[in-house]
Amino acid sequence: MKNTFGSAVSLTIFGESHGPAIGAVLDGLAAGLPVDETFIADRMDRRRARGDGLSTARTEADKVEFVSGVLDGRTTGTALTLLVRNTNTRSGDYAKTAALLRPGHADYTAFEKYEGFQDARGGGHFSGRITAASVAAGAVCERVLRDLGVRVYTHIARCAGIEDAPLSSAAGLVLSEPEPGRFALLDPEREAPMQAAIRAAGAEGDSVGGVLETIVTGVPAGVGEPWFDSVESTLAHLLFAVPAVKGIEFGAGFAMADWRGSFANDAFRMRDGRIVTATNHNGGVNGGIANGMPIVLRTVVKPTPSIYRAQQTVDYPARRDAELSIQGRHDPCIVPRAAVVQNTLTAFGILDLLSVRYGTLAQKHGLPRD
Amino acid sequence: MKNTFGSAVSLTIFGESHGPAIGAVLDGLAAGLPVDETFIADRMDRRRARGDGLSTARTEADKVEFVSGVLDGRTTGTALTLLVRNTNTRSGDYAKTAALLRPGHADYTAFEKYEGFQDARGGGHFSGRITAASVAAGAVCERVLRDLGVRVYTHIARCAGIEDAPLSSAAGLVLSEPEPGRFALLDPEREAPMQAAIRAAGAEGDSVGGVLETIVTGVPAGVGEPWFDSVESTLAHLLFAVPAVKGIEFGAGFAMADWRGSFANDAFRMRDGRIVTATNHNGGVNGGIANGMPIVLRTVVKPTPSIYRAQQTVDYPARRDAELSIQGRHDPCIVPRAAVVQNTLTAFGILDLLSVRYGTLAQKHGLPRD
Amino acid sequence: MKNTFGSAVSLTIFGESHGPAIGAVLDGLAAGLPVDETFIADRMDRRRARGDGLSTARTEADKVEFVSGVLDGRTTGTALTLLVRNTNTRSGDYAKTAALLRPGHADYTAFEKYEGFQDARGGGHFSGRITAASVAAGAVCERVLRDLGVRVYTHIARCAGIEDAPLSSAAGLVLSEPEPGRFALLDPEREAPMQAAIRAAGAEGDSVGGVLETIVTGVPAGVGEPWFDSVESTLAHLLFAVPAVKGIEFGAGFAMADWRGSFANDAFRMRDGRIVTATNHNGGVNGGIANGMPIVLRTVVKPTPSIYRAQQTVDYPARRDAELSIQGRHDPCIVPRAAVVQNTLTAFGILDLLSVRYGTLAQKHGLPRD
Amino acid sequence: MKNTFGSAVSLTIFGESHGPAIGAVLDGLAAGLPVDETFIADRMDRRRARGDGLSTARTEADKVEFVSGVLDGRTTGTALTLLVRNTNTRSGDYAKTAALLRPGHADYTAFEKYEGFQDARGGGHFSGRITAASVAAGAVCERVLRDLGVRVYTHIARCAGIEDAPLSSAAGLVLSEPEPGRFALLDPEREAPMQAAIRAAGAEGDSVGGVLETIVTGVPAGVGEPWFDSVESTLAHLLFAVPAVKGIEFGAGFAMADWRGSFANDAFRMRDGRIVTATNHNGGVNGGIANGMPIVLRTVVKPTPSIYRAQQTVDYPARRDAELSIQGRHDPCIVPRAAVVQNTLTAFGILDLLSVRYGTLAQKHGLPRD
């Protein structure tokens, strides 16, 4: 289903950038789970643009409005629907250049797919704006995971050519939540040079991309399936839904192309009476199934396609070559804002996988732990 | 659904390495499509082990037996079921070391998930053997795509540290099918050094991995969906089902992390009255939807986890550290054999995406072309 | 998926009776289809209570508000989301007797399923109120079907013990739409006695039920599937979602239990160069697949469980027998209002079945006709 | 998906009447569940034709062959695939009259849907033969339900105009399994007159139908969903997949059309510290969710369409009226054999619903009971 994904828990996403609202339906939740508005607001805040030269000048209140499935701060067990209003829209910016296909965007594919009936204002359904709805829904899931002892953490592994500190060890990871308003980094010292590099690109009317790394701890071994409902298939399916994501890898990922098996294999060891792996090159997943180690994945976020520099393109209705200078308000880099999108969508995916194995009721009553 | 994937066309995979047979159910095909046994046998042959020091000594006839959905060489339109018998099984090899978790394999996760009831012989449902069923089913789809003007081609982009020649140009790609029995390479001269590097690793009781690149041509612009049924989500979901795949990227993929938007964006241009892109860094997909350019993706295949060198591990029932020396018959590298697995699964995914847009009947009656 | 159904086109329903709004997401529509607000308002009007002694005194404006997927009166091709505000809510009516399980309602099952966290106000997600959202979404589909030459018509076959005139002939059916505000009857003369019988039951603090019959014309032979996506499975799945529906039959249905095959079989005949059946005892479906004759189904709608007469029940938290006198505003009969619910949900189901066979694009470009 | 149904547990059915085998894939089972071949053989035996004038002379061994997912008599937790070989096929019987559309059968719809490429031999995928695969798969589920304290029982409520004894009371039902080889009846005395009536119809070259009633006990209150995954929607979807089923009703079903609410409502009462209903007119389901009372449903099975009497029909390729005298081997009544089909498919549906709520693991570790 096009805008719906999930098995035991499902997520439906809808809305357009300049429509009245975007939103989501989250179905398959147990009743009585906390819908923690403070937590959700924190997640929304991390996605919000700040109009500070690092992100778009379009700033939105991003208040989450619950339409169904919530009563007195708790889930009712029926479909949870939420809306996020679009307020700060300036469709005029787009109208002027609507005939010119923006390179790297979905303008052309939308024309072909929707035969000219697409809502092109602000990118319509293709806008990164839509991710605000997934953040709100995923934040509900992330909050539920906390009570189940599962944590999801995403940091900017690389941005504008600058790397964060590496995850030092596979086991015993203690991750602290980044302060709101700061970049999600293992090493906060890297924020200043990253910001500088982003601003430099922005000053040249250009944009930059990066890599986001997500770590999930607390998932019991045995969750996920061989073949099509593998942890990797599920999370990859979800994260490729995020605009600008063009790749994903688990554990050591592409680096393993040049490794030998003797190095790539994660040796099993007993530690404190539990089975662990000495390394985590497989990113917590063997045969599609969680092995109890942290689940580690990285995505690449391409540089924002909206740039101010003039670009070669085509006038679609006129069917002729043209030059485009994009107006509107855009991010020179969406990587910092995308971190929380990845984090919350991953949380949704993990909650779904847990619910298949342990049942809907386990969302409320807890996972069996040794 | 665990072993089932697809929307308009669905694929269900079943079987264990040492069970009587593995197989697949392919549903949602139109009636009257060719089930070309010669073509399918060719695909099966490309996956077959040769017992030549490059792949496992377990060789199988891999004859595809149709149980339903085929009559007189044509699909009947109902669920197509096929079996591939397992004949050359030596379960004894595994029984000796069944208590010792093979690093990099799914032994541990299977124990946790299936509570000791898994079929552990030869890796059971986690074995690469199961991919033979997906090759057979995907070959049916690939053959159907040919009549629709869609071609899928996979080559070994990198293996054992040696690279194939790069795809030279995004448009106007003319790809020739590799000869059976040869590595799938753009530059056949690279086969000898690749083979040498694989054999060198095998001689040391070790294994190597690589990168597989797939190119799909002929998919009309407009196929695929924003959000969860994107071309990328669909193909990533499918390909992460393949054992040993730990990453996937589309177009320039992870390289774009360090690029600027002005370089990453693919400029649109008119060429011979058609809209194309001057480059193809987005791998033929914008906003999740095919843009008419070749769809290009790469996966990383980790080095085969089965190696002959002694490895540290855990005795699962005894819950103590142990050392494992794997017996059995194994591939020092599965990349060459995995190429056709990726090719045929991709073909299945593309046929599903086309069928959603154009309907089941279009599989038989053709796609609308300008 | 709990609140989502459909293959090529999917429908997600959400909302509670006394929440801010109810709504629906309709996904898988082609772009450029008419979203005809007049037509939709007509369908909403037919479901509306009139507060006239025949239906509940809770009357709602039932204005349909489009949140996504619609621009300038046409579908954009992305998920269409609509809301219907709840305005005339009087939750106090329910609070007084919340501990007492209403017989025939979902109070008890909601307590058990949702462990006390359900939204019990006005029946919450179980309220017939929620059907307003499905009417709005189904009306969009029904309108699309019209342009495809497919008509859906539902009449009250029986209510409060009074029968409508029978469908006289299987083929060549010409059905006229009932006037708004009137009962949907083949014979308008039956409305007066039906109204009288309903009022009589209401006057005694009681309620009545009935049978709704739906006829679909214009579906080409070949639509639907054997086994699980049969026309019957699909429509039954949808219609059992409607509160109070407790049975469904196709064609002659339960009457065939006592028939002989020689009478039940529909003889095929050539008529004007087309293949038709002389009778339509199978209700337009053979082997799960439409045969080109009108699709005919009937559902039974049980008498409204909310009645004013005192009833025996249980005090749930106190776990003791109790007596309940229901307050609030209720329909002595929901059959007349349910007719349009059945009609529009059937329209959705038929549009989905057509889209699987002919593709999403056919919704806009038309079905192939001989 | 056409031949696949289910959420947490899914069932895929394949095969044709005269193909090499029919079969099923049952996915989503926990590991370690009993696969009780004696129990399964008993279920297969109840579906088997006896060639005794009551059912077709085509008798099959109906040995169930497990291809995957079973080891040492237990599920392995991966997709369970089974085959039932077709041995006693006489395709020649059909070839003679292949151009003549059999009334009441799917010949015409298959021609239209599959454009002449269908496997028409013995009815192909539309044959009642295919239900043998669903019986085998459903028997696995029924056996699992037993260990969970859930029983499913189906009797012939009516056949050839003769009724079985009625279910006497809603609660405290003690149902005994019918002896193999006997009709499934509450009152065994009714078998002789039913047999006589069936034989009488058969002797006239005609056929008869009937009504099958299924009772499920032991399902905890709270299972099932409002809207699309209601107990009724799920079971109706499944049972309309069975050839010849043309109607389904729950509880009092169609009888409620003429009832008043005060009679139809099931009063709640405390009994032995548990909440029960005094009557069970709603068939154990309120608001789509099980209420802990026996789930009761009835289907109508139309008279077998294959009759020996001459029938009017059409020669499909010649497009002209014709007369058909069916050859081949047919049942004058399939109701007795269909009982176990309904029973086992219902068992599958119930196991799926339980697994959604309590998780896959609960299949093995038991349901929470008060």
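Read from first to last, the chains carry the letters A, B, C and D; within each, the first residue is number 1.
The definition used in the following text is that a residue touches a chain if its C-beta (ideal position, glycine included) is under 8 Å from a C-beta of that chain, and two chains touch if they have at least 3 such contacts.
Given the structure is predicted, the values throughout are model-derived calculations rather than measurements.
S.K.: Measuring centre to centre with C-alpha atoms, which chain is farthest from subunit D?
M.R.: Relative to subunit D, the chain with the farthest C-alpha centre is A.
S.K.: Once you count every C-beta pair in contact for both, which comes out on top, A-B or A-D?
M.R.: Counting C-beta pairs in contact, A-B comes out ahead.
S.K.: If you average the CA atoms of subunit A and of subunit D, how many Å lie between those two points?
M.R.: So the centre of subunit A lies 45 Å away from the centre of subunit D.
S.K.: How many angstrom between the C-alpha centroids of subunit C and subunit A?
M.R.: From the centre of subunit A to the centre of subunit C is 38 Å.
S.K.: Provide the C-alpha centroid distance between subunit A and subunit B, rounded to the nearest whole angstrom.
M.R.: Distance between chain centres: 26 Å.
S.K.: Could you list which residues of subunit B touch at least two other chains?
M.R.: 1-4, 7, 13, 78, 113, 125, 226
S.K.: Please categorise the chain-chain contact pattern as a line, ring, star, complete graph or other.
M.R.: complete
S.K.: Okay, in this complex, where on subunit B does subunit C touch?
M.R.: So the residues of subunit B in touch with subunit C come to 7-8, 78, 226, 355-362, 368.
S.K.: Tell me, which parts of subunit C touch subunit D in their complex?
M.R.: Within the complex, subunit C contacts subunit D at residues 1-5, 7, 13, 101, 103-110, 112-113, 125-126, 130, 158, 161, 201, 205-211, 220-230, 232-234, 236-238, 240-241, 243, 245-254, 256-262, 264-270, 273, 275, 277-278, 282-283, 286-292, 300-307, 309, 311-314, 316, 319-321.
S.K.: Looking at the complex, which residues from subunit A come into contact with subunit C?
M.R.: That would be residues 1-4, 6, 10, 12-16, 19-23, 25, 27-28, 31-32, 65, 67-69, 71, 74-81, 83, 113-119, 124-125, 364 of subunit A.
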